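Data block below; observations after.
Order as written gives the chain letters A, B, C, D, E and F; numbering starts at 1 within each chain.
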């Protein structure tokens, strides 16, 4: 039995609820799932500026709950916001949605496409894909909608745009599977798979499975070099209270 | 509940037993584990020649058991022998040990080393690592022992050689975690981790967790393009009876 | 004078005959050309599954004829099926069609396109191109026909589709030369070159020239590490009789 | 005449003073140099955790001074902390020390080494070097000292360790020039160059020259896609007050 | 105060004048600018053949003026003709237009396009972009005009073609900035920037700023290994008089 | 029957004679071999400066003899001096020693080392290896001797140094074959192979075989784009008389 924390680095409680629901539905029954978000920061993450603030929010949550015995973390953002810093802060395995989704996609298809809501995310995601060594097999496409369009009255139109972008990528990029490029799409994976007839990989689900796997094997993040604990030192002003204590 | 088949592509029953034991020990309790090997082929896999024959053996096992409802396959060889062909033959997810181990290592360390028994395996594994997009973070080192030395009277000496090679890699390659480069080492992961003080990733365990995860999410291999079912056609002579039927 | 064996890894005798004819036509007159195919296996090679079986057939032919003093081998399949294993089995140079064609194309053009019959081959060929370090200069395109369409009544239509695909690649990919992506096209290189006005490289011809060159210089495959002889060990069942004897 | 802000993302005033002094010494005389640090955050940056907090500090400074008409920014940290987010926040050019130093090194030497104080920085810097496309020509080595050792009583010993590490890299890595891998070394570039006899590139100086150049040409960061202004949205709690206003 | 020589490697005096004018307009006022071209060679550089001859012309100019105390060189050709050889000949920093422009573009945009006059230059420039490590972020497009069309009566039409090619690249390649792929376009950067609404980077201006920066810091080309002085030896016939004397 | 010209781009007649002798010894008997050198230029090629002048010499020879019906060219320099320009000037295939040697080495070994005389050549050769897509499998090592040491009284000592460097690379780099990194070593390939026990690939021999192969197949350099004929234009002064006439 493992205790898995899935942390939405933004402040949207609706979003956190959706992720919690999905996570509990697909987690192995013997595992306990916590879904949390920071107490401060932006309502959504769209680009590097929001990411910088959301990273601190993410770390604040981990600082708080890590001593309670968490066996693994999922960072519920497709930009993998703050994942490197989180890996320094805790010895429990940490997985972002993009990395998790790519690892499954690489095993299921020879070429695949990430379909993300906004065009502005394409280049940052391409950088992430390259960091994970998947750039030769993965393309990134945008549906031309806002992330929040997948909620409420816009949802039908947003889904339609996503479906069209995915179909175009299957046709023109020879994609063989689709990766959902946003945590907020976690509840449409099944529908999209039915409509497309190819595997659809959702990062929320993939990252949870990766972390459940690592946690059950008692695998830990290496504390040598890259992800070593942050060395102790004072933090000041707004960030007094966040100073590293473990290193 | 998923039914996972772990197939040792060589004929060594002792090896198959060891893998079955490990797999059952670490699999999620709700999953059923089959461990099998072909009825023909080599006793071990050392290099491309053995691989060619073992691939056919692997496929013969999958042909036989796939209709019984397997939810996922692990190919229990660190060379990932026949994995691409297996992905064509079945829609269930298929994972080799090298790919599985690398996916966990990439999340747990910034740099890691595969330690494999024989020097002759270093170059083929480097090619595999590059295929999986991990060549910038992963080095491959040899312990200078035979695979079978890990069984029987040589086991103590073989372990010692492995330990030395791993320590050297931590020191000289700045490796932060060790990946066991052979299925036959699956039972020494814990001991090596204790001796080294860094994460030790065993491909048998990692690949099973990856496949358990994909199977529980009902993820399937894409049948478009790269891993499409083999087109139907006659096979002759020795291989009559192995002709594709599904494509 | 060298003795060159060109081995078609599939069972199609018509195909073997066509290759023999081409090979004898273009080989240096002082060289002896053998063209052979295995006595078992698939009628054609379309994807990884067929390749696994054809590799064993290829190796069976080499086992048989290597002791008769072969100076070099061509594997007459554009997927380079079994080439790595063949390099382990014999010390004579071994060349596949894709590798041979790329080596000439790299010297003759700054960018070039492989045009292959079926779309399903595109991704596997892209992987091969990457393995050979040519992925930055080479694109892979499909003509949308079956391999066997180049024989018999479909031949005119197949040629037309190939021509269109090649013209499109010259125009849209800025390809400067065309590589024929299938052994079965070996007899249309001249016609296509005349129709396109750019160099057309046929793997059968290129690979023979590479092997004639290496053979005349008495160059051998290195037996250190990667392509070392397979270590001796028993093979069982269907594969009893194929055990390595040299290593 | 340009107004260049050089921002030390950590809280060390001594460090900021040293950088200011160097910057004013080497800046073109017609340019105005501001040297600043945030009012909150860590005293130094050692690893991803410190970086996450320092990024927010950096952004806070830019928010404050950007409306006063800054023509270009240097982020005075060799980890290029927060540079991507800063490029979103302002249209003025932004340069980190690592990127700046590499651009000069690439023009002055065929191979070069970054020498950084602590071993723990090697892997993160290697990732950065790769991001900047310089990984084939650049190695990263550690001197085995703390960043702060370059101040005060340890300074002589720290310099000696750096010198030895640089000499070793010239000898063993065939490095042809040395890049100082820490902002705190900015005042020893001349001495090291004299002791080594090869070019020594200091990121503080290089980044200032790059930014002075871009600023004098009125070059701006593209606001299309990757570095577009952050879209307006509410920020909460600790970060209320940091919400984007321009997008 | 630095003395910067900008050398047009071809014989077009009109071209040299245009570059001199631009260089003097944008150089820092304390710097002295020389603009020169060889006394022999081709009138323009279009492809590898012209480059071979223009390289010798370039070197002849440097041989003549280097002893007069030049602090830095710009090679005013976007093919970076002869830059490597020039770096051997002098210790002063040497920068080509392509390298200079890319270094600024990399800091100002996540993806950018070089727009060059003739289609025939696309592949050679792609090779150059790859050499500089920028191939993952940079595309090369042709406007379909001759270099000299930017002078005289064709100028309006040439500008129109360039504008269309740049707009197409912004739209279809997701380019975020435009790099002018020819020295002869140096005077249209401002107009194009106004018409496009994205940063336009001119290699003449960028390379001068890079060299002014390196020169003001007294940075020199490393004389170890790659760019070491040419070893002394006799040259004969047409090239008697060009023998290296310094090495 | 083909007419193959092998051009030594430097002025050393002794060198040209040695290459002629080797080329005639190993060429297919039906082929005619011309060995030539320019009438002007340096006595040897050591670095980029010599290369620039030798390239022009090489082109001058091709201009003169191409109209006499040459079927293929070998540029007898391991730096592949002027090969790209030569490919523009003629439609006959052109091959340099480095490219030729690498193509054979890639087929004969999984990893191989170029052993070159001087340390100063290591970086330029590494760049060439990368251009040819072989950098992942090839290392470059220096023997620490001068090129001309392989002639006359120093020959025994030079051979010894080369042997030691090669043995070190087999041992420490896991090289499986050796590539001779200088045209002047062409006569020691057999001796070194006997002393090392691994394949030794000589660029002179390999390039001739590649060109003989392409020439016998009537393969030509593509005249589209990259290697198109140089456009006609006037050349002035020293280079009047070298203007392109074909384009």
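Points to keep in mind about this one:
Note that in this section a contact is a pair of C-beta atoms (placed from the backbone, for glycine too) under 8 Å apart; a residue touches a chain by one contact, two chains touch by 3 or more.
Chain-to-protein mapping (UniProt): A, B, C, D, E, F = Asp/Glu/hydantoin racemase.
Note that the structure is a prediction, hence the values are computed from the model and not measured.
Touching chain D (Asp/Glu/hydantoin racemase) and chain F (Asp/Glu/hydantoin racemase) together: B, E. Note on connectivity: the fewest steps through touching chains from chain D (Asp/Glu/hydantoin racemase) to chain E (Asp/Glu/hydantoin racemase) is 1.
By residue number, over half of the touching pairs seen at D-F are also found at B-D, the match among C-F, B-D or D-E. With rounding to the nearest 5, the Cα superposition of chain B (Asp/Glu/hydantoin racemase) on chain F (Asp/Glu/hydantoin racemase) corresponds to a rotation angle of 120 degrees. Measuring from the averaged C-alpha position of chain C (Asp/Glu/hydantoin racemase) to that of chain E (Asp/Glu/hydantoin racemase) gives a distance of 44 Å. We define each chain's centre as the mean of its Cα atoms; on that basis chain A (Asp/Glu/hydantoin racemase) and chain B (Asp/Glu/hydantoin racemase) are separated by 27 Å.
Averaged C-alpha coordinates give centres for chain B (Asp/Glu/hydantoin racemase) and chain E (Asp/Glu/hydantoin racemase) that are 52 Å from one another. For chain E (Asp/Glu/hydantoin racemase), the set of residues touching two or more other chains reads 110-111, 119, 122-124, 127, 135-136, 174, 176, 225-227. Looking at which chains touch one another, you get A-B, A-C, A-D, A-E, B-C, B-D, B-F, C-E, C-F, D-E, D-F, E-F.
Interface residues of chain F (Asp/Glu/hydantoin racemase) facing chain D (Asp/Glu/hydantoin racemase) in the complex, by the touch rule stated above, are 119, 122-124, 127, 130, 135. Of all residues in chain F (Asp/Glu/hydantoin racemase), only 110-111, 136, 174, 176 touch chain B (Asp/Glu/hydantoin racemase) in the complex they form. Those residues of chain B (Asp/Glu/hydantoin racemase) that touch chain C (Asp/Glu/hydantoin racemase) in the complex are listed here as 11, 38-44, 46-53, 55-57, 59, 82, 84-85, 87-89, 119-120, 122-124, 127, 131, 225-228, 230-231, 233-240, 242-244. Within the complex formed with chain F (Asp/Glu/hydantoin racemase), the chain C (Asp/Glu/hydantoin racemase) residues making contact are 26, 28-30, 93-95, 99, 103-104, 106-112, 132-137, 170, 174, 176-177, 198-199, 201, 205-206, 209-210, 212-214, 216-217, 219-222, 224-227.
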